[in-house]
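Next come two complexes, and both contain chain A; in the first it sits with chain B, in the second with chain C.
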Partner chain A sequence: MKKNILIILLVIIALSLPLFTGTYLLHIFTSIIIFLSLALSWDMMLRTGQLSFGTAGFFGLGAYASVLIVAKLGFNPIMSLLIGAIFSGVIAFGLGFIVLRLREIYFAITTLALTHVFSVIIRNLSDLTGGSSGTQLSNAIFDGDPIKIYYLVLIIGLLVIVLSEVFKRSRIHFAINSIRNDETTAKSSGIDVFKYLLFVFVITSAIQGLVGAVYAQQYAFVNPESTFSLNFLLLPIAMALVGGIYSTNGPIIGALILGLISEYLKLIMPYGHLIVYGVIIVFVVLFLPQGVYKPIKDKFLKSSIVGGDSNAHTKG
Partner chain B sequence: MSFSFKNSYKILLLFILFMVVIGIWNPNALLDGLQRGSLYAVIALPLALVLGILGVLNLAHGDFLTVGLYIIYMLNTRFDMDPLVSIVPTVIILAIMGAVIYLLTIKNVIDEGHLSQLLITFGISLILIEGINIIWTSMPRNVYTNYAYAAKEVAGFRFGTYELLYILIAVGVLVGLQLFLKKTRLGQATFAVGQNPKGAKIVGINVNYVYLFVFTLAVAILGVVAGFMLPRTSIFPAVGSPFSLKSFALAAMAGMGNLNGILFAGITLGIGEAAINSIPNYGGWSDIVFFGVLIIVILARSYRGAK
Partner chain C sequence: MPTLKANNILKRFGGLIAVNDLSFSVEKGEILGIIGPNGAGKTTVINLMAGTLQVNKGKIIFNDEDVTNNPAHIRNRKGISRTFQIVRPLEDFTAIENIMVGALFGKGDKLPEARKKAEEICEFLNITNVNKHVDELTVLELKKIELGRALAADPELLFLDEIMAGLNSEETWELIDIIKKLQKRDIAICLVEHIMKVVKELTQRVIVLDRGQIIAQGPYSKVSEKQEVIAAYLGEED
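For the complex of A and B:
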């Protein structure tokens, strides 16, 4: 019960944020939610045991699909977000048949190489994509109104959070966890490993495409350098790691912590503020393999057993 | 780690045929490709060594090269030292840095899964790039030496002499590594650890020391490469990053532990890249060669493994 109240409270705070913050803070929270969604989608793939480095690639594909369809065919920007998501999803579906046979280091490296391949292809199809200088739209989505953009991003963020929880609670999470823990056992228990992997891969890639589309529409601009930037891979990974992987709350907490820290550092350190992300990744891998969320939660539960009990009761 | 002539004579024949065809079609592309390819190969060799012995794919590999380039740049601008002379201090600095970074970070995850290893080298790569960004900013920098652009003309065909050095360096480093692995005691121990770490431990080899040594050696070799690279490249914080993945592409193409194969793979891909680069209007597609080949090779191996 306590937990539900907390969630409702947080959602209300998120919804009413534009009432009491300025444009600058709203902008920061918009980008935090964008990275939060990417972090969650990366984590959702990781829960199957597959380390994907393709986040930036599908992000970029969605961004390009959305911007080009508005620029060339005159689609409605909101409609184009959906197209961005579908485009990334379809590409992931096609590639999934090939790359999902790979495991561990090979899957990670192949997805990273695919990101490079996407950006090279897009840079060279200059008639369609504008080449290395990119494509610019005449108008940002909602004419660049920060409050409307914030709500749009918030809706997508909530959608991703709900989806991640569905993945954690529905029957599918048994399949996902067992694939991660021991694939051979999963297979011999009758789980169609490939089917589940493909399903998760397509869903997470579509999320990344959707987020990319929103990001591109917000700035009304795509270019191979910035749209396929490895930041869209590194920052979400760092966020998920800091908060704690294999959970929904972890990446959310990580995104808030790192988003605010890096925004602050950007002000005092114009060059190289991203070094914090590197330090945090190394530090977390070495000393906090579970992230910050789980240790805090465990401590909290130990100190107030009543809270833990009532939680268990409502669940049962 | 052997390259038996008997089994691969077909590949060798194809390799020579490929060079001849490109050479007839476009001699400039052949020469350019040879130089690029040797550079790729000499950078990939240390990565393959670490991958083969430690089993760690070092995603910060290319960024250690960047650090080396900046150290040489600094020695050149501050103390007016020639890039080729400053290789000596650079190798020492890089070796110390590599050893310290290994002891502080990678040593602790060496027994853990690939996820931790990949992530930690990813983090190190980010720290190196951004550290350089803080110290030197992202402005591109150059060093001028008059010998770097020397050229010779043979039978009406003009080519730069300096870049031919790359081929010598690549062959030199390869031969040096092979001699080390076959002839010295430490090299044989390294070889044994690469084949079977548990067995090596049982027969009394200090595995941790071998790991430390191999990682340090790999980073130190990059100092040599950096010295020869700097006169011809303009440097910026991310200049080395693409080499990490390209080196892995070569290591994957040659097959684990096949050091000689890396030289051939490097030259083949280098020539392929140079050939595409020389086609007017389609030069931009040359970037796809490495990643395309990387994906195809990984997939081909996985399919063969599945059967």
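For the complex of A and C:
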């Protein structure tokens, strides 16, 4: 009960945020929700035991698909978000047949390489993509109205959160957790390992494409350098690690903590903030390897944690 | 009609022939013992039958259907379950969740059905710590979970790979009783075992493997007296 009230309260705060914040704070929260969605999608793939470094790649593909379809074919920007998601999902589906035969560090390094391959291809298709100078749209989505953009991003963030919870509470949870723990046992217990890996890879890549699309539409701009930036890989991973992996709440809390801290640090020390930011991540990983969420949960929320969430158990 | 028929199975690991021209069958309600010295290929046979490994040659017929080319998860759904010699629990799950996995995917149950099924199995196997995590369980409990997950798929054919290893005498008898009850449910069971008292107590028939080939078969009491079986276990005198 206590937990439900907390969730409703948080959703109300999120929905009413534009009423009592200025454009600057709203912009920060928009960007936090974008990174939060990436962090969750990365974590959802990690729950299968596969460490993906392809987050920035599929983010970039979605961004490009969305911007190009508006620029070249005059699509509605909202529609183009869907196209971005589908495009990334379809590419992930095709590549999945190859990369999902790999495991562990080989999968990780291949997905990282894919990110680079995507950006090289896009850089070289200059007739279509504008090459290394990128493509600019005449207008940002909703004419750049920060409140509308905030709500759009919030809807996407909530969608990803709901999806992550569906993953945790359905048979998908049992399948991917089994695959992570012991693939041989999973296979002998009737689990189609490849099918589940492919499914999760496609869904999480589509999320990353969707988030990339909305990010690009917000700035009305893509170029290989900034769109495929490793920030869209490293920040989400840091957020998930700081908050706590294999859960929905962990990446959310991690994104809020790191998102707010980094903005604050930027204000007080414009030049050294990344050092402090890095030190915080190192300390959390060293002293709270399960992330900050689980210790908090164990201490304060024990009585109210019921059902599906007990599955969020992780090993340290 | 036998539940399982293996015809002329061959398995190579590089230059080593692990299983050579092996044929055997198991009937409904029968317990077949697979015995032999270390390295004879017993576990490999289970791996081949359950689909954990694929054969190089030969045919595997399950309930009159050729399953030779089916991967492990398909064979499990069709009714072939197994346990592992060294238990392979799913460590992020509780005892009951481990068993639910078998019902969810091997049998295709929905979540509530799978939970109910797992509860029944826990009762049948006398698992009391259903909500404990794997790292808090005893060896016997881990073995039971392994067996429970296999049973949750409602198998017609069950492979038990040295399920008694590491148990004390009392625990061994508890499992023997459980396996006898399974036999009454008309499940065909193949038992790989090193403890001969278990083989004697449970099996109707044994096949003796040595270097991937059957060197003797028949009831345990007959087979155990054969010269070539003793030689395979103890080595031959000059």
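Going forward, the second predicted complex is superposed on the first by the 290 of 316 C-alpha atoms of A that agree within 3 Å, B and C clash if a C-alpha of one lies under 4 Å from a C-alpha of the other, contacts with A are read in each partner's own complex, and residues count from 1 in each chain.
Going forward, contacts are C-beta pairs under 8 Å (C-beta built on N, C-alpha and C of every residue); 3 or more make two chains touch, one makes a residue touch a chain.
Quantities reported herein were computed from a predicted structural model and do not represent experimental measurements.
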Could you say whether A:112 touches chain B, chain C, both of them, or neither, answering first, second, both or neither?
first
Applying the document's definition of touching, compare chain B and chain C: which contacts more of chain A?
B
For A:175, select first, second, both or neither according to whether it touches chain B, chain C, the two together, or no partner.
second
Return first, second, both or neither, reflecting whether A:98 touches chain B, chain C, both chains, or no partner chain.
first
Quick check for you: in the superposed arrangement, does A:193 touch first (chain B), second (chain C), both or neither?
second
Would you check which partner chain A:185 touches, where first means chain B only, second means chain C only, and both and neither mean what they say?
second
On chain A, the footprints of chain B and chain C overlap at residues none
Looking at the complex, which residues from chain B come into contact with chain A?
57, 105, 108-109, 114-116, 118-120, 122-134, 137-138, 245, 248-249, 252, 282, 284-285, 287-288, 291-292, 294-295, 298-299, 302-303, 306
For the complex, give me every residue of chain C touching chain A.
50-52, 71-73, 76-77, 81-82, 84, 88-93, 97, 100-102, 104-108, 110-111, 133, 149-150, 153
If you look only at chain A, which of its residues touch chain B in the complex?
51, 98-99, 101-102, 104-106, 108-110, 112-114, 116-117, 120-121, 123-124, 234, 237, 241, 269, 271-275, 277-282, 285-286, 289
Touching chain C in the complex, chain A uses residues 170-171, 174-175, 177-178, 180-182, 184-193, 246, 311, 313-315
